[in-house]
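In the two assemblies presented below, chain A is common to both, partnered first by chain B and then by chain C.
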Partner chain A sequence: MDRIPDSAKRKRVYAREEVCVGCRLCEVYCIAAHSSYKNDLIKAFKRSYIRPVPRIVVEERKPISFGLQCRHCEEPECVKGCITGAMQQDPETGIVTNDEARCIGCWTCILACPYGVIMRDYREKKVAAKCDFCIENGGEPACVKNCPNEALYIGDVRESCDDAEGGPDK
Partner chain B sequence: MSFVIIGNSTAAIGAVEGIRRYDKHTPITIISDEPYHTYSRPLISYYLGGKTTEENMLYRSKDFYEKNNVKTMLGVKAESVDFKKKEVILQDGSRIPYSKLLIATGAKPFVPPMEGLGKENIFNFIKFDDVKKIEKVAVKGSKAIVVGASFSGLKAVEALVHRGVKVTVIDIMSRIMPRVLDDTAASIVMETLRDSGVEVLLNTTVEKILGGDRATGVLLKDGSELSCDFIILAIGVRCNTDIVKGTELKTNRGIVVDSRMQTNIPDVYAAGDVAEGYNFIEDKYMEIAIIPNAYKQGETAGANMAGACKVFDKGFIMNSMPLLGLPIISAGVSEQREGISVKTVYKPEKNSYKKFYIKGNNLVGYLLINDVDRAGIYTSFIKDKTDISAFEDSLGSDDFGFVSLPKALRKDKMLKGEVV
Partner chain C sequence: MSINYLTPEFVIERDRDRCIDCQVCVRQCANLAHSFDEEDQKVVSDDSKCVNCHRCVVLCPTRALTIKRNPLEFKENANWTPKAIREIYKQAETGGILLTGMGNDMPYPIYWDHILLNASQVTNPSIDPLREPMELKTFLGRKPEMLRVEDGKLAEKLPPQLELEMPVMFSAMSFGSISLNACESMARAASEVGIMYNTGEGGLHRNLRKYGKNTIVQVASGRFGVDPDYLQAGAAIEIKIGQGAKPGIGGHLPGEKVGEEVSATRMIPIGSDAISPAPHHDIYSIEDLRQLIYSLKEATNYEKPVSVKIAAVHNVAAICSGIARAGADIIAIDGYRGGTGAAPTRIRDNVGIPVELALAAVDSRLREEGIRNQVSLVCAGSIRNSADIIKAVALGADAVYIASAALIAMGCHMCQKCYTGKCNWGIATQDPNLTKRLNPEIASRRLANLLHAWAHEMKEMLGGMGINAIESLRGNRLMLRGVGLSDRELKILGIKAAGE
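Up next is the complex of A and B:
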């Protein structure tokens, strides 16, 4: 039996570790994109009362480096495990976002995420912070846009690529 | 055709979402003895502690039932099931026919026999109604006794501390959270509890609850007495199989299901805390009373009810619990057994403790205290039965991540799903 298709072609951000130079500009622009001064780096860093946490992990062990952020899995472990219902997946776009007003910081999503890309954010009320594909900025991720080396890029995702249980028909 | 679900919590909601992936139209009826819109049970401690509101406890949005074409019968108790006629029988005798039925009745409190039970200020700690009663008596400066120092008992303790209640917690075992923590980990958590003024009494039990209509204290096994203003019993839970007791539906501790969540009776499914699903680490069918498991079992049951063929055979215990600001995450095996080796990384200066349970080339369990970031990478090793031999030494290091993995494995994980 076919699953009712509930998403158009899904996209996610991928990394090329061979050309990443570990400059962390992705982190810098991610912070700015999630501040009150989305388009102004200097204000974002100098005027933000509390600086947002970056929603991308930059891993580095020379000479290897790469940025890693939410894969917006087709079968998202964080959404299925979320105890509050704050973590939700948009059925149209497949983008996974966390409703920070409802999140209580139990870290079950951190326990569940196989990529380790959900952060603890203690700035105010403690909540889980994660990549939202910059949907508020038109779905154009700031990390990709500002990567000087195209070490981050947006790729199409195969349908049914996740082998999470409860996933595609077996 | 009609789908009927008994229960309105995580597994039931998972089932609705599982059904609607495949079948947008067949009517679904949810029957629940609780009068509430679906809410998150684990949030009751956060509600009691003033960390969330009734509105933010909703597990799905207000329009969830309408959007998913679900008819609800809330505050209505399903009494039994007539499996021959395929009808659910309600408390008032009326009958609700089903084509396919999901039993998702969850768990109920386990209370061992104890003298003096049944007094008005003795509470369980499972449902929203429990904390609605507790909040009336848990006033600043009052004294509480919590029986049971596992997850739910300690979440109750935390909430009471936030309300300014003086708490004593009692457990029969020699350390708190005995199934998850070892002695070192327990001592770290004990320190957090003591810093918040919580008194912990171990190796003891309540012999008798003292008082008349109201509990005024307890008599402990060693003969000592403690006074209190109220008592919370959080000793444990059992599968809530009441509705099917004595019927042809097969049960052990919980309802017996296969990996598609089917019971022994055609068109009858069970999911969540009431079911004995497959635990793939223990390689046996058993209850796995945690939210992620309840959701996935429900989702799997729903998909199969809607005619898909879906299997859930990757269940295992996992828990995350910040306790009074101290994060604790555990998954899989949490005790030393034959054939399992253990690796620990303890950094007292950071109050960080990490323990890994390794069987052959596989990670089968772990415990993280305080430094819990990226824990899910470890969870995925358990679930995927990843061969960890090439990077076992780096487990628990501060910068552990995909960079620690062999290139081929890292690339496989990072580029998974890409259309090239």
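Up next is the complex of A and C:
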């Protein structure tokens, strides 16, 4: 190998459907992680007048369930579609984040997203909310950290996160 | 419908200051004890449905839940205990026999807790297992009367032996009684640690064939899943005559649990009840048992040791003498505290004898008859920790079987509701919504951790006694002393009283 492809450095959250118990603790911890009380679930839920929306959603048709959040695509449609440049991709990590200061809540990204993982957030001003890989919390996603059955894990991007396989085998 | 006299056994306490109404408890309770009240927008609980399995308590992200025994009292009565009264209410309501799961929970004496170990002081050196090699390796199987050595090598082939890295195995639990994930977790842990797990009478699922080297395949009275491939697939074969939790009773896997995979593995139609008869109908005597033992040996080319598992009952020593003479290589004795996926409560709580006494009696009897070398003894039925194992080995066991301890390591909380098929921990269930709760990767890791921890502790205890190999402890009852036991009990256990 002459050169390590960029994707080798990139990390993504992957789900293991076969052991997801559908408890939705990932959603609970995601809400707290994006509230003003990052490490206090009780305050995050009881003090926040309007809670943040979870940026991971457990898709469920029993017994199948799995947590789904932004795939941080190699060529993100949301970034292409964003009319203000609020939605941006980090060239190094490939992580796609929405700059809420620049977001005007036009929902173009929501229309463009093929996975349906961008949420509408009406808490203060109307903005799009999505998984930010918990960069502000040190890049250790709260959903992965708190999954009780290791049904979410961080893996290297093998090729494209768009590939049908959905990620590397663990 | 008339009123049900049964009041809730437990109360669910929800700390409203901590509960965030996230509904994790609602989603996790297979007994539907929690629900979300849409009108009030809050989670509420129904105490009467709670079995105290702690699933919600452990998963609650804010630790808002506690389960307590219902403080509701009956008029005090030493004879008519709440348990006795409740059982009558239940039977008067249903007209059925009482069912239960896991092992005997009655306050009978636990002999392990009346036996103490020796340690070296001054007159003989203890050994530090962190500095010196310590051997736990165990071989199970018939040992020859004598060894002939020619040119520094054994002149005759040894009978087939099971090689274990430590004197512990996972005892029989069938796919059907427990989930495939639970079976796989044990298979993986057994192959990682170098011990055996046992299929129980559930056949061997195709996905688990690869763990064959660490598998004991069981042949029981229903003969489920038995074919030539099955017999060849494992490292040893076990004939199950009886089980400690329900001596004299067969098994019944209800048809609801016989889905596609269980059906294919047991080789019975989907949805049919899997009924294991109480006796093997081709074994009514020691001679009949000998026929089956030798049929199985013949079928596997005399390459695999054959074990016979029995429940510890009154005449256990004589029975084991017969089993040894019938040609068994290993005898597993399952005491009355052994677990089960389902048993009639009256049988579980009232039939059988303590395995400590049974083991000592069998070992003494086989020694007296000069046939102890012909079989290995495996002690089963509620081995709770490494000290129990050391005591069992000193009483005469070659190895022990653990099952309840293994299930607890995987998440079992001993709620004793295995028979309902609603195990919230994904162990004793076939419901696909529940079985996926047991991640074999996590569970096998936990099992391996437990075994590694116990191995360390066993080495410490051996070292303290100045012994550097488990072989030297086997049947070494001088390393044991009894406390709080009668002369008769000490005599049966073959140990001295503390202070002697």
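The rule is short, and it goes like this: the second predicted complex is superposed on the first by the 150 of 170 C-alpha atoms of A that agree within 3 Å, B and C clash if a C-alpha of one lies under 4 Å from a C-alpha of the other, contacts with A are read in each partner's own complex, and residues count from 1 in each chain.
Rule of thumb we're sticking to: a contact is a pair of C-beta atoms (placed from the backbone, for glycine too) under 8 Å apart; a residue touches a chain by one contact, two chains touch by 3 or more.
Model, not experiment: these values are computed from the prediction.
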item: Superposed partners chain B and chain C on chain A - clash or fit; value: fit
item: Touched partner set for A:I83, first chain B, second chain C, both or neither; value: first
item: Partner chain in contact with A:T93 - chain B first, chain C second, else both or neither; value: neither
item: Touched partner set for A:Y115, first chain B, second chain C, both or neither; value: first
item: First, second, both or neither for A:P63, with chain B first and chain C second; value: second
item: Partner with the higher number of touched chain A residues, chain C or chain B; value: B
item: Partner chain in contact with A:S48 - chain B first, chain C second, else both or neither; value: neither
item: First (chain B), second (chain C), both or neither touched by A:N137; value: neither
item: Partner chain in contact with A:V19 - chain B first, chain C second, else both or neither; value: second
item: Shortest span in Å between Cα atoms of chain B and of chain C, once chain A is used as the common reference; value: 15
item: Common interface residues of chain A - those touching chain B in one complex and chain C in the other; value: none
item: Chain A partner contacts - residues on chain C that touch it in the complex; value: 17-18, 20-24, 27-28, 59, 61-62, 431-433, 436-437, 439, 441-442
item: Contact footprint of chain B on chain A as seen in their complex; value: 1, 3-4, 6, 12, 14-15, 17, 57, 59-61, 64-66, 68, 71, 74, 77, 80-85, 101-102, 104-116, 118-120, 155-158, 161-162, 165-166, 169-170
item: Residues of chain A defined as touching chain C within the complex; value: 18-25, 28-29, 41-42, 44-46, 62-63, 146, 148-151
item: Chain B - residues contacting chain A, complex; value: 14, 18, 21-22, 24, 40, 42-43, 46, 51-52, 56-60, 291-292, 295-296, 299-300, 303, 306-314, 318-322, 327, 329, 331, 372-377, 379-380, 383, 399, 401-404, 410, 413-419
